[in-house]
Every structure is written in structure tokens, then in C-alpha cells.
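Shared between the two complexes below is chain A, which pairs with chain B and chain C, respectively.
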Partner chain A sequence: MLSEVLPTALNGLVWAMSVFLVASGLTLIFGILHILNFSHGGFVMIGAYLAFTVTNRVPGTASVAAFLGIAVACAVAVGAMGLVVDRVVFRRLKGVDDSYSLVATYALLLLCEGAVKSGWGGNFLSMSPPEGLGGALFVGDLFVPSYALFVIAAGVAVYLALDLWLHRTASGRILKSVALDPWMASLLGINVTAIFTVAVVAGFALAGLAGGLLAPNQSLSPALGGTYIIQAFGVIIVGGIGNVRGAFLAAVLLGLVDAFGTVYVPEFPGIFFFVAVAVIILFRPQGLLSGIR
Partner chain B sequence: MLELSGINAFYGQSHVLHDISLRLADGAGVAVVGLNGMGKSTLLKSIMGAGPTVRGPVRLDGQDLDRLAPHRRARLGLALVPEDRRIYPHLTVAENLALAGHAGTAARPPYTVEEVLAFFPLLRRLAGRKGFQLSGGEQQLAAVARAVLARPRFLLLDEPTEGLAPLIVDAMGTEIRALRARDGMGLLLAEQNVEFARACTEHVLVLNVGSIAFSGSWAAFDADPAIRDRHLSL
Partner chain C sequence: MPHPPQSRPFGVLTPLAAGLVLAAFATLPFWAGKGLVFLAGIVLVQIVFALSFNLMFGLTGLVSFGQAAFFAAGAYASAWLARSAPGLPFILSIAFGAAVGAALSFLIGLVALRRASGIYFAILTLALGQLIYTVIGKTTALGREDGLIGIARPVLDFGLFRVDLATGDRYYFLLVVAAAIISGALWWVWHGSLGRILAAIRQEPERVRFLGVDVRRHREYAFLISGTMTALAGALMAPWSQIITPMIAHWSYSALPILFCLLGGSARFWGPAVGAIVFAGLEHGTRNMTGMAELVVGGALLLVVLAMPGGILGTLARLSGRPAREGAR
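Up next is the complex of A and B:
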């Protein structure tokens, strides 16, 4: 019995943390700017392609430390793209109808796909995990790929770092105050535009980091941008849109529901995620937690 | 010197303020009175650049503020306490006060939270309480205290006594007079409570449908009861 439950739970958690890594930046940006960034998955994809290229081009990058370093570099690179996107696109979306941000960020997603096609081509590419994470561990008699454990640890670490930032630091308090009432914040002398920029850059950096960390064991193709984004949207809606803590909880919940559903009702693989999202929204349309947390 | 020279203010298509001119010398106190919807809040927000579209110059010491965002105006020494207070519910009173430190500068350093709590004794026991746990009156006191923390040169108060118990109104009046005496802080006070306004300011300006219907000292205001009857009675 346990031998059945544990691997399924593990699968669910790997899925959960992968999706949370993608969803965290998405929900952060929405929480603070109230812009739903459809291009988020596109920038995760760019992060993954950058990691792929650096890993293959630069010799001596097979270690876990190098892998982490590259993921951080991807975060910095994509964060810098966030700075440009904020200047050129997001600032113009303030105070206009939501449909404009939908169109603008969807256009950005198409741009990301186009950039990947012209930079790397349309073929499937793949990279392996670094040497230290390519193997597997035995926990009791359970066979666990090290990379799976790594993804779970990375998701938890990113969650803890974000939660700490938003709740325990002065800059997190300012971010939250701007999210709640930017008008009052500006009257108190806070440069709201600059705070929005910080949020966008942080959100994009999280996309780049997710791309770098999740690039292994993944088919890289220009369609990757759309792969995670549906699940990420499900997670942030269930979690309470804009709420990092909620997204984390929702990711774990939906990951486990989907994993167990698929094991016990194999006739309908992958349907449990959507059923769970629909049911939860039916009873808690505002999500598990609401407001930025 | 805060100076408005014939400004007009708009919300979308609606023309709210008409050719308002106003000079507020350093340390002066002016009350803006008038019934609801006459443009008192719009006037304060126009000075702060926080909402309405404004045409015409708003100047501080001769510097044109037109292109400055509200946070820049705050750093120049203007502080607006909006009618709806807007205390952050997720922060404690002390944290709410501390936020206003962003409007301080090296030349005009903000007060510390401790100093401000000393000015407002009623707030001291509430310092650790979150915004959502405060009553309306406590929120109003906290909002005024928060604005004061930045050591503003001109405090713009929008209906601070609305809905407050008489005891708190008295306390607030005392604090405001003390602050003005201590700091030479200028005050522009939008009020419907004429007695409170009189106690806090020297001059009065009556707004009627977005235009100035009267401007002068309280003595001149009192000398002509018709003004009060025409513009302040329902």
C-alpha cells in the first residue's frame, strides 16, 4: 500500500513544485500590478533555452553548482527583460481596461515564441540534469530520482524566500502596501512606479529561474511557453489570485489530486486537475486565500 | 508659499473647479468650507496631483508642481490626509506611521514614530494594533499622525472630523493647533464643521459649485451672516 502511495505523492509534489516555480512570478505580478501576464510562460521558456545554450556551449558546466549558477544567471537575464517590458508595455497598461493587458501580454507571448523559433529553431531540444542530479536515491525500497527531489526542494526554497520577503522585510511591507493602495502610498512619498518596476523585475526573474531550474528532463520547443501556463493559471486562481502563499498551497493540493486521480482512475489521465480547479472555484470563487500574501 | 493661480480641475468630462486662486503663506491656516459636492476634496487632491486633471499652475515657493507625481510633491513638504483615511489594514499603527517617512528628506527629516506618538497621546496605546482593528475615530487620528510624521510644510486635511465623537474632535483640534504652533506648519483644512474649522485656522474660503464664493478672515465671515446662510445651510 505504502509502496503505491509514496511514489504517487512524490510525482504529485514534483508536478506541484514545477508549476509553483512558474506560477510564483505570475501571481506576484498580478498581486501588485493587477496585470495578468499571459507571456509569463514565454519568459519561462526563454529562461530554459538560455540555460540549454549556456550548459551546452560553456565547458565544465556539468556540476550542480554550475547548474544553479546558470539558473540564477537566467533569472538575472530574464529579470532584465522584465525591466524593458515594464518600461515599454506594462506602464502603458495602468488605468486602461483589462482587455488591453490581455492583448498586450498575449502579443508578448507570441514575440517570445517568435524569438525562440528564430534563435533556436523549431526542433525539439533537450538537456540532461547535471551530473550530481542525474541519478537516483533509494529511500527505503523506494526509487527516487535525485532531480525530482531537487525540484521539490527548489520549489519550497523559492516559496520560503518569497514569503519571508513579503512578510518579514521592510521592502516586502512597502510592496504589499503599494499593492493594496497605490494611491495612498504615493501620498506618503513612496515612488509607486519604482515599486511596480521592482515587482515586475522580480516576477520576470522568477520566470527565468523557473526556466533554468526546469530545463532538464523537458522537451524544449517553442510551444513550451504554453505548456505550464495553463496549470500555472489553475494554481493561481485556486490559490487566490495574487497570493503567493495560496499559490503554493494550491499547487500542492492540485498536484496531489491529479497524481492520485491518475493512478486510481487511469481511464481519465490528467482530467483531475481541471475537475479539482472547477470544483474549488465553484465553492470558493475568490480562491483558497485572497489578497496578496 | 503655496500658490494656486486660476486652476481648473476636471474628472473626465465633468468640470469640478473653476478658476480657483489661493495663496497659503508658510504657517498660515485656511479653512475650505462648503456643502458636500462643492469641490473641497477635489481642491486638496488637485494640489497634491492625486486624481483630478488640473489645468493652471500650482506652485510651491515659485516652483511649478504640474509635472510632479504625488510622491514628489510629498517629498517637497505637502501632505494630504484623505477623507477616507486609508490606514493600511495589514500594518500596525506604528508601521502605518513609519511608511510616511518616505516623504522625508535630508533637509526636512521626518519625525520618528516615537515623537509622533508623543504628539498624539490617544494613539500611544494603539501603536501595536493593526489598522483593521481600529475604530473610525482612531483611524482618523492615525491618518493625521501619519501625515504629520513627514514634518510637512503644508498639511492638507480633508474633513477630519466627519463621523467622530465630540471628544476626539476636541483632542484633534488641540493637537493640530499645537503642531501648527510648534512647527509653523501651514494648514489647508476642508471642513463642514465650522466651529472646528474656526478653531484651527485664521482664514476661510467658501466653495460653491467649484468656485470661490467668499475668501477672507473669520471676522469678515462672521460679519456677513448671509454667507453662512447661503452656502452652508441645507
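Up next is the complex of A and C:
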């Protein structure tokens, strides 16, 4: 019995933490700017493709340290793209209807797909995990790929870092105050536009980091951005949009529901994620936790 | 009281342009190649798809991200019936597709509109749409991931004579006639009393509620009409493309009518039709360049949303000094 449940739970947690890595930046940007950024998955995908290219082109990047370094470099690169997107797009979306910002950022997703197709082509690409994360270990008689453990650890680490930043540091509190009432914050002498930029750059950097960390064991294709974003949408809506803790909880919940659902009803894999999202929105439309936390 | 001139910011230009476009579609097989005729048939279906969607989106102000589910429901239901019972009249299989779409949109509208609004409604419809996409892709009777192939074009039996729509461009002409009739019906709904209530709901739901109108019920009407007409568009497309795959239920297909509406201008009845035609032109022009289609369409869309908030028609109206009036347009 246990030998059946544990691998499934492990799969669910790996899925949960991968999606949380993607969703964290998305929910951060929504929490501060109230823009649901459809293109977020596209920028995760660009991060993954950048990591793929650097790893393959530069010799001696097979170590775990180099892998982490590349992921951070991807975060910086995609964060810089966030700076441009903030200037060109997001600043013009203040006060417009939700549907407009959803469509404007969908257009950005199309641009990401177009960029990836023209830069890397439409074929599937893949890269392997770095040396040291390619193997597996046995916990009791449970077979655990090291990379799966790494993804779970990375998800938890990003969650803890974000939570600490938002709740325990001065800059995090300023960010939260701007999210709650930008006008009041501006009266208190806070440069609201600069804070918005910080949130966007941080959100995009998280996208780049997620791309760099999740690139191995993944078939990279231009459709990846769309796949990521739909799962991340479900997670942040169920968690309570804009709420990092909620997104973390929702990712774990939805990951486990989907993993166990797929084991017990193998005819319809992947269906339980959507069923769970729909049912939870029906009974708790505001999500598990609401507001920026 | 005379009717205010609601949908005519361009005066007589609108019916004139609509007539010219209809004439261009109707005569296309006489002056264009086969590839273009096929594309035009798809565009006709997409125009119906987008006009139906806009009844809910531009008029009532509901952003649904799962409209492709109804399109696929109509296409799959009619194609499945036509294959299972080949002797059945064409009109019955089309009606069956629309009926399945109606039942589905009734159910989803009932549930989704009761609980969610705004961005939550968008994501809820997206989740339900993806649910239907996944189910279709895993159902053996519907061809799983491969879809249904070799869907026959029907024979119309009028008693005295029979018209085989499989020969020549006959099915294309049927599409032109059907698209014109359905567009006319949607135009009538948009400009009639129901359309005006829906437009009022978009602008001031609270005031409309004070006037004694059941806001949720009217939103449900809009969702139901929109879903049914979308299913009808899907049912019409199946014999034209002759192959349907689960991709027509995918969320990216749900994004299409939103693109058409915003590109053309969702505040005007004909906006989505303009958007669909322009979009097809952009895609057709860039079809041979990898990645170019996404870059051009994404760039154009971004430009429209950021710099031309009323879409193509809204910008034309502004340039000619005829801004749209509030309300149903």
C-alpha cells in the first residue's frame, strides 16, 4: 500500500514545486500591479531555452554549481526583459479593464513563442540534469531521482525566500503597502512607480529562475509557455490570487490531487487538475487565502 | 419615439461595406484559387464564432476563456451523429450540434455565473474548457488525440431534387448563406431589446438591478445564446475542414475570438468580423516564415491594445470624427 502511495505523492510534489516556481512570480506581479500576466509562461520558457543554449555552448558547465549559476544568470537576463516590458507595456495598462491587460499580455506570450520559434526553431530540444543530479537514491525501497528532490528543495527555498522578503523585511513591507493602497503609499513618500518596477523585475526574474531550474528533464518546445501558464493560472487562482502562501498551498494540493487522480483513473490523465480547480473556485471563488500575504 | 441611430457611426457606410464584403465572399470561387477559397470558408466560420462570442464579451462584458469548448461540442456532436447515422438529413446533425452546445453552455453558464465574476470567471471557464478538451482527447468514440477524419460533406434532399454539397464549391456557398443568416440573427439580438439590456448590464449592473431586471439571468441568456451560436459555427465547420481534432477545444482556440474582437473593435457589432478577416490576412501573409506569424500577430495585437483601444473600427470612427455612442452599438 505505502509503496504505491509514496511514489505518487512524490510525483505530485515534484509537479507542485515546478508549478509553484512558475506561479510565484505570476502571483507576485498580480498582487502588486493587479495585472494577470499571460506572458509569464513565455518568459519561463525563454529562461529554459537560454539555460539550454548556455549549457550546451559553454564547456565545463556540467556541475551543479554551474547549473545554479546559469539559472541565476537566466533570472538576471529575464529580469532585465521585465524592465523593458514594464516600461513599454505594463505602465500603459494601469486602470484598464482586466480583460485588456489579459489580452495585452497574451500578445506578449505570442511574441515569446514567435521569438523562440525564430531563435531555436520549432523542434523538441532537451538537456540532461547536471552531474550529481542525474542519478537516483533509495529512501527505504523508494526510488527517488536526485533531480526530483532538487526541484522540491528549490520550490521550498524560493517559497521561504519570498515569504521572508514579503513579511520580514522593510522592502517587503513597502511592497505590501503599495499593493494594499498605492495612493496612500504615495502620500507617505513612497515612489510607487519604482515599487511597481521592482515587483515586475522580481516577478520576471523568478520566471527566468524557474526556466533555468526546470530546463532539464523537459522537452523544450515553443508550446511550453502555454502549458506552464495554464497550470500556474489554476494554482494562483485556487491559492487566492496575489497570495504567495496560498499559491504554495494550492500547488501542493492540486499536485497531489492530480497525481492520485491519474493513478486511480488512468483513462483521463491530467483531468483532475481542472476538476479540482473548477470545484474549488465554485465553492471558494476568492481562493484558499485571499489578499496579498 | 424614433430609434436612435445606434449602430451607424459611419452612416450608410456600414451596410455598404458589409454588402461589399458579403459580395466578395460570395464571388470568391470565381476569381480566387482553391487554397484561398478553403481559407475563406474557415474565416466565415470564424466570423460567426467571433460575432457570437462578442454578444457575451463586447456587449455584456463577460470575459470567458473557454468558448472553444462550445465550438468543439458543436463540431464533434454533429460530426459524430453524421457518421453514426449516415442517412440522417444534414439539418438534423447541425441542429444536434447546436443543441449539445446549448445544453453545455446552459450548464456551464448556470454554474460559472452563479459563483464567479471578472478574472475568476475567466479562469473558471478556462478550467472547464480545458476539462472538455482533455475529455475529448481521451474519448475513443471521438477519435482521441487524432480526432475525427474523413467527415463527409452532406447531400441536401429537397424532395423534388437533391443537391450534393460534396461537388465543387457548393459547400462553400452554403457556408456563405449560413454565415449571412446567422450574422443577421445575431445583429437582430444585439440591436433588439435584449441587446440593450445586456449593454446596460455591462455598464451599470447595479442600476439595472434596481430597475427590476434579473442581472444574472440575463447574463445567463447572453452566455447561452453565445454558446449555442458558437456550437452552430463548429457544426458548420466540420464538413468543410472534413477533419476535426481536439485542438479546436484547446484554450488557445478560445483566445481566437477574443483576439478578433479586440483587433476589430469589440464595442461594435461588426468589429469581430473585421478582426477575423484582418487576422486571417496577417496569418496567411506570414505562413511560410517560422515564428513570424506569432511575432506579427502578437505585435499587431499589442499595438491595437496599447495604442488603439477601440480596435480597427474604433480608430476609424475616431479618425472620421464619429466617436461611438454609449450603449449598444
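In the analysis below, the second predicted complex is superposed on the first by the 293 of 293 C-alpha atoms of A that agree within 3 Å, B and C clash if a C-alpha of one lies under 4 Å from a C-alpha of the other, contacts with A are read in each partner's own complex, and residues count from 1 in each chain.
Basically, a residue touches a chain if its C-beta (ideal position, glycine included) is under 8 Å from a C-beta of that chain, and two chains touch if they have at least 3 such contacts.
If you're wondering where the values come from, they're calculated on a predicted model, not measured in any experiment.
Applying the stated contact rule after C-alpha superposition, one finds that A:Leu13 touches neither chain B nor chain C.
By the touch criterion defined above, A:Ile190 lies against chain B but remains apart from chain C after alignment on the C-alpha atoms of chain A. Of the two partners chain B and chain C, more chain A residues are in touch with C. Within the superposed three-chain model, A:Ala77 lies out of touch with both chain B and chain C [touch as defined at top].
Residue contacts after overlaying the shared chain place A:Val275 against chain C, while chain B stays out of touching range. Once chain A of one complex is fitted onto chain A of the other, the partner contacts of A:Gly122 are limited to chain C, with no touch recorded for chain B. Touch criterion met: A:Ser177 reaches chain B, while chain C stays clear of it.
Within the superposed three-chain model, A:Ile241 lies in touch with chain C and out of touch with chain B [touch as defined at top].
Once chain A of one complex is fitted onto chain A of the other, the partner contacts of A:Ala259 are absent, as it touches neither chain B nor chain C.
Overlaid on A, the two complexes show chain B and chain C touching no common residue of chain A.
Against chain A, the residues of chain C that register as touching in their complex are 57, 63, 111, 115-120, 122-124, 126-128, 130-131, 134-135, 138, 251-252, 255, 258-259, 262, 290-299, 301-302, 305-306, 309. Chain B meets chain A in the complex at residues 48, 50-51, 69-71, 74-75, 79-80, 82, 86, 88-91, 95, 99-104, 146, 150.
Taken together, the chain A residues at the contact with chain C in this complex read 36, 89, 92, 96, 98-100, 102-104, 106-111, 113-119, 121-122, 222, 226, 230, 233-234, 237, 241, 267-271, 274-275, 277-278, 281-283, 285-286. Per the touch definition, chain A reaches chain B in the complex via residues 173-174, 176-177, 180-181, 183-193.
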